[in-house]
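Below, each structure is written out as structure tokens.
In the two assemblies presented below, chain A is common to both, partnered first by chain B and then by chain C.
Now for the complex of A and B:
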């Protein structure tokens, strides 16, 4: 498909991603038949733009008048111009400009993109399709003589509302996993172009997925957490975790909060407190046993390490990141340790460094490396036979590909599982595939977007997970995916539910610290919980 | 905004059928929403669960975590699914008038 077709005024979707085109899954899903993505209802179709692929992630309303339509198109173009100006985009101008200027159209990135591959290679999902549209609009409308030369240069996209509406949705068909950037021979970052597009839409047109903006970063700033959790709730939850730890382990542990002068501020994704409380519990048990001098924060925003701005908006990003850093500074900690949350790693480490220059940065460390230090210290005795089941490891994109933290989590798994139990996915490490929930997808659930993500963006991960356990698919053999990231866990949970993975294969998921505590010699009872045990309780 | 009509009364709800305005909630509303969840009659056990969730939300602005919900009400997860077939989050919380959960949950 040519980039110019994005301007089509037919009102019809450019593609229909049909199940017969999807890449196949391995056994026992080799005969699995996907249901088609649900069509939007007539009412939804009338209300929401859906002319990209029949899917609405943003519930983007049609402009109510011609004037409104023209205003939005103008806002898009002026936003694009701002993205390419130093004074308006000092944060990402350099990598954006390089990525806009230097694509050689070799399409090496296409085969690296899980969405493109799993969709059955639909052109619109190709990493370069989106970028080419943006590039051509910039050349035609923002370069000298661009409009006159457009036809000759092959840049002739007619910028209309249809283009803007389709691009807005298209910015939310990419998980920002940046596998494309990794394989590009000249370092073009199509993921960054997608991010910049989202930023343009959010900051200039007020268009963003509700789950990440109005119900996400806005709630984070208003209440202290994107979950809506207020300070009193965290206090209540921490007290509950202490009770639960005592019940599970027989030992009362005090979880330190707001401890001035502690060496470490440990920050969790607040979703862990609500959906996977075993994760902060396991951290507390391990840190206590290893004698780590740390604290949690119950200050507003300090108890939720997420920063959804990293997906779509530099301003929202900066507001949250600055608060995180200020809280750490007020506590006087030596460093911040980031729990099992990939986007928090990206936000608080890599992007904070880029966006907040001149700040008195507090050192930040991944929990993975600290946990490996704990294992190496010998302060905790582990009995690998307690984790005697097949295990594979999911690599969160932001911690592994982006930050290069590859070895610690593997060394930990080798130390806490019996020989031969841990097997890698293919590929893994920095070449991993996204869980499919990156960039906000794990929590985005409007319209028929859940259907789209469950079939296309997380399909590659499902394929990989099944691949790792081939030959052991008997559901009575319990198997574990270690997925040390809240967002990835959420996506894997939803994918497993959709594909009925546990009943069909016996594959379940957990984080890294839970597996570590499960292997502790001092723990009399198993710490890990499997779903059927849970129901029998 | 989508609406839902139950026994002649109309409520504004989100796409997933959660009540838009938590302030509209009362016991009668809970009874009506329970019917959409396949619960024809709200027994004492249903109320125990719904009231717990409701009170937790009023105090803390979030739904209680499931572990805590089970522990404090004394209901096993299986029992909660018996009471509300779509489960604690999609069933019981909806009847308790909570908005759909947000964030990384």
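Now for the complex of A and C:
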């Protein structure tokens, strides 16, 4: 399909991603047939734009009049213009312009993209499809003489409301994993173009996925956490964690909170407190045992390390990142250590690095790095035989491909599992595949988007996980995916539920610190829990 | 002055000015936020690791492994390794094409050197140096023309036969390939009619000395026009990606320099934070450019509501 076809006025979806076209999964899923993606109801179809692929992630309302349509199209074009101005987009102007101007149309990036591959190579999900539409519009409508020989030069695209509506949805069919950018011989970054497109929609038209904007970064700025958790609740939760730790370890540990002058401010994705409290608990147990001088913060925003702005809006991003830095500065800590959250790593360590003059920055460090240091120090004794089950490791793209933290988590796993138990996925490390929940997908659940993500964006990861355990698929053999990122865990949890992975194969998931505590010599009870354990007892 | 010579000078001027403008545009863009992509060869960790793997990395001196960088860059530029690894069918045609280009340009450079030697009186028959230059010129150019022509035709066939490439190629892609292919083919024919490139060297010498040009055959004129036309057109196309690669790699994918308090960087950040913002969505609160980046980034429009 040519990029120009996005302007089709048929009102019909450009593709129908059918299960029979999806890339196959390995055994025991070789005969598995998915249900088709649920169709939107007649009422939803009447209300929401869905002409990209029949899926509505944004629940974008249809414009009420021709004038409204025209206004939105004009706003889109003005947003595109702003993306290409240094005042409005100094943050990404250079990489964006390079990626806009130099694609050689070789399509090498296509097969690097998990969404494109797993959909059965549907054109609209190809990394260059989206970018080409944006490029063509910019060339035709914003460059001098753009309309001259537009057909010959390959950018004779019509800009109408259909294009804008489809592009808005299309901006949410890419996980920003940037695997495509890694293989491009020129260095073009189609993931970046998606990122910029999302910014255009949010910063100019106020259009974004509700889960990441109004129910995400707005809640974060308003209440202190994208989960909606307020300060008082965090204080209570931390007390519960202390109780639970006592129950599980027989030891009362005081979790330090708002401790001025502590060496380290440890920040967690607040989703962990609610969905996987064992994770912050495990951090507390390990840091206590290693004698780390640290603190958590219960300041508004300071107890939630997430920063959804990194997926769609530079201003929302900067607001949260600057608050994180301010809180650390007020506490007088020497560094911020980021818990198991991939995008929080990238947001605070990498992207926020040039938001303030150097002297005002607070050093940021990955928890993986510090944890490896703890393991190397020998301050905690581990007994690898306590983790005597096959294990594989999921690499969160934000921490690995986008930050270069590759080795610490592997060294830790090797130190806490018996020889031969840890195996890599293919491929892994900086060439890994996203869990499918990147760029907000893990938390996005509007319309029929969950059906789409469970079938297409996370399918590659499911394929890889099954691949890592081939030959050991007997469900009675318990196997673990170590996934040290809250978002990835969320996606893997949902994928496992959808594909019924645990009952069919015995594969479960957890974080890194949980496995570390499980292997501690001092830890009498197993710390890890398997889903059917209650029934076993 | 002769019209052909004039056009040749003109094409040279357009090339230099347009290319300089392009470079200037990229060099003067604001420093962007970090957006690196691993592996980064100068980190010196072949598996793709970075300084973030070290505890207290900001306290340690950073070593950039420049050798690793060259070891990556040279095969990348000369052999187009990325395509060799990730898109072999295309590599079979694009490698000869690019190699043909490099060799032909090399041949041209040596032809210019030969012309300069000729001006100072060193001719291939009488000077060993001139003879060496002459031989290199011919070897580079002829192999270059053949490879380039094979590559250009191969690329056209590949674009037409692969369904995905056919769908995504646009007329100008074929036009460029045909144009470059025509340059390679006519250059080869020029060599067949003048195996020592004597006329071509004389023509270059005439340009360098501002003297009248030698007589050119129709074939030579066609070849010259095709070449100088392309020379002037080239800086305006995406084919300058050989140069943009420098920015793509060095300034984006591999730009991992941490912000640790450099006066120059600080001054830039302060300037950027003072830029006016005109993003129109209400939550930005830009007030049509009355607010700067510093203003909008330090305002939390929801704090009041929370209270």
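Here is the rule we use: the second predicted complex is superposed on the first by the 527 of 537 C-alpha atoms of A that agree within 3 Å, B and C clash if a C-alpha of one lies under 4 Å from a C-alpha of the other, contacts with A are read in each partner's own complex, and residues count from 1 in each chain.
Just so it is clear, a residue touches a chain if its C-beta (ideal position, glycine included) is under 8 Å from a C-beta of that chain, and two chains touch if they have at least 3 such contacts.
The structure displayed is predicted, hence computed values, not measured ones.
> In the superposition on chain A, see if there is space for chain B and chain C together, and answer fit or clash.
fit
> Taking the C-alpha centre of chain A as the vertex, compute the angle to the C-alpha centres of chain B and chain C, in steps of 10 degrees.
It works out to roughly 160 degrees.
> I'd like to know which partner A:189 touches here: chain B for first, chain C for second, both or neither.
A:189 sits against chain C, while chain B stays out of touch.
> Where does A:290 make contact in the superposed view: on chain B (first), on chain C (second), on both, or on neither?
neither
> For A:223, using the defined touch cut-off, is the partner it touches chain B, chain C, both, or neither? Pick first, second, both or neither.
Both partners.
> For A:233, using the defined touch cut-off, is the partner it touches chain B, chain C, both, or neither? Pick first, second, both or neither.
In the superposition, A:233 contacts chain B only.
> Does the superposition put A:363 against chain B (first), chain C (second), both, or neither?
In the superposition, A:363 contacts chain C only.
> Figure out whether A:269 sits in contact with chain B (first) or chain C (second), or with both, or with neither.
After superposition on chain A, A:269 lies in contact with chain B alone.
> Does chain B (first) or chain C (second) touch A:215, or do both, or does neither?
After superposing on A, A:215 lies in contact with chain B but is clear of chain C.
> Mind telling me which of the two, chain B or chain C, contacts the most residues of chain A?
Comparing chain B with chain C, the partner touching more chain A residues is C.
> In whole Å, how close do chain B and chain C get at the C-alpha level once superposed?
12
> Which chain A residues are contacted by chain C in one complex and by chain B in the other?
223
> Looking at the complex, which residues from chain C come into contact with chain A?
26, 29-40, 43, 45, 47-58, 76, 80, 82-83, 85-87, 90, 94, 164-165, 167-173, 175, 238, 240-241, 244-245, 247-249, 251-253, 256, 258-262, 265-266, 269-270, 272, 275-284, 293, 296-303, 305-306
> Under the touch definition given earlier, write down the residues of chain A that touch chain C in their complex.
Spelled out, the residues of chain A in touch with chain C are 1-3, 75, 78-79, 82, 86-88, 90-95, 97-98, 101-108, 110-112, 123, 126, 128, 132, 151-155, 178, 181-189, 192, 202-206, 213, 218, 221-223, 300, 315-316, 318-319, 322-323, 335, 349-359, 361, 363, 365-366, 369-370, 372-373, 400-408, 429-430.
> What residues on chain B touch chain A, complex-wise?
15-16, 59-63, 65, 67-68, 70-71, 76-78, 101-105
> Please output the residues of chain A touching chain B within their complex, sorted ascending.
For chain A paired with chain B, touching residues are 211, 215-216, 219-220, 223, 225-230, 232-233, 236-237, 240, 244, 269-271, 273-275, 277, 304, 306, 341, 442-443, 445-447, 486-487, 490, 534-537.
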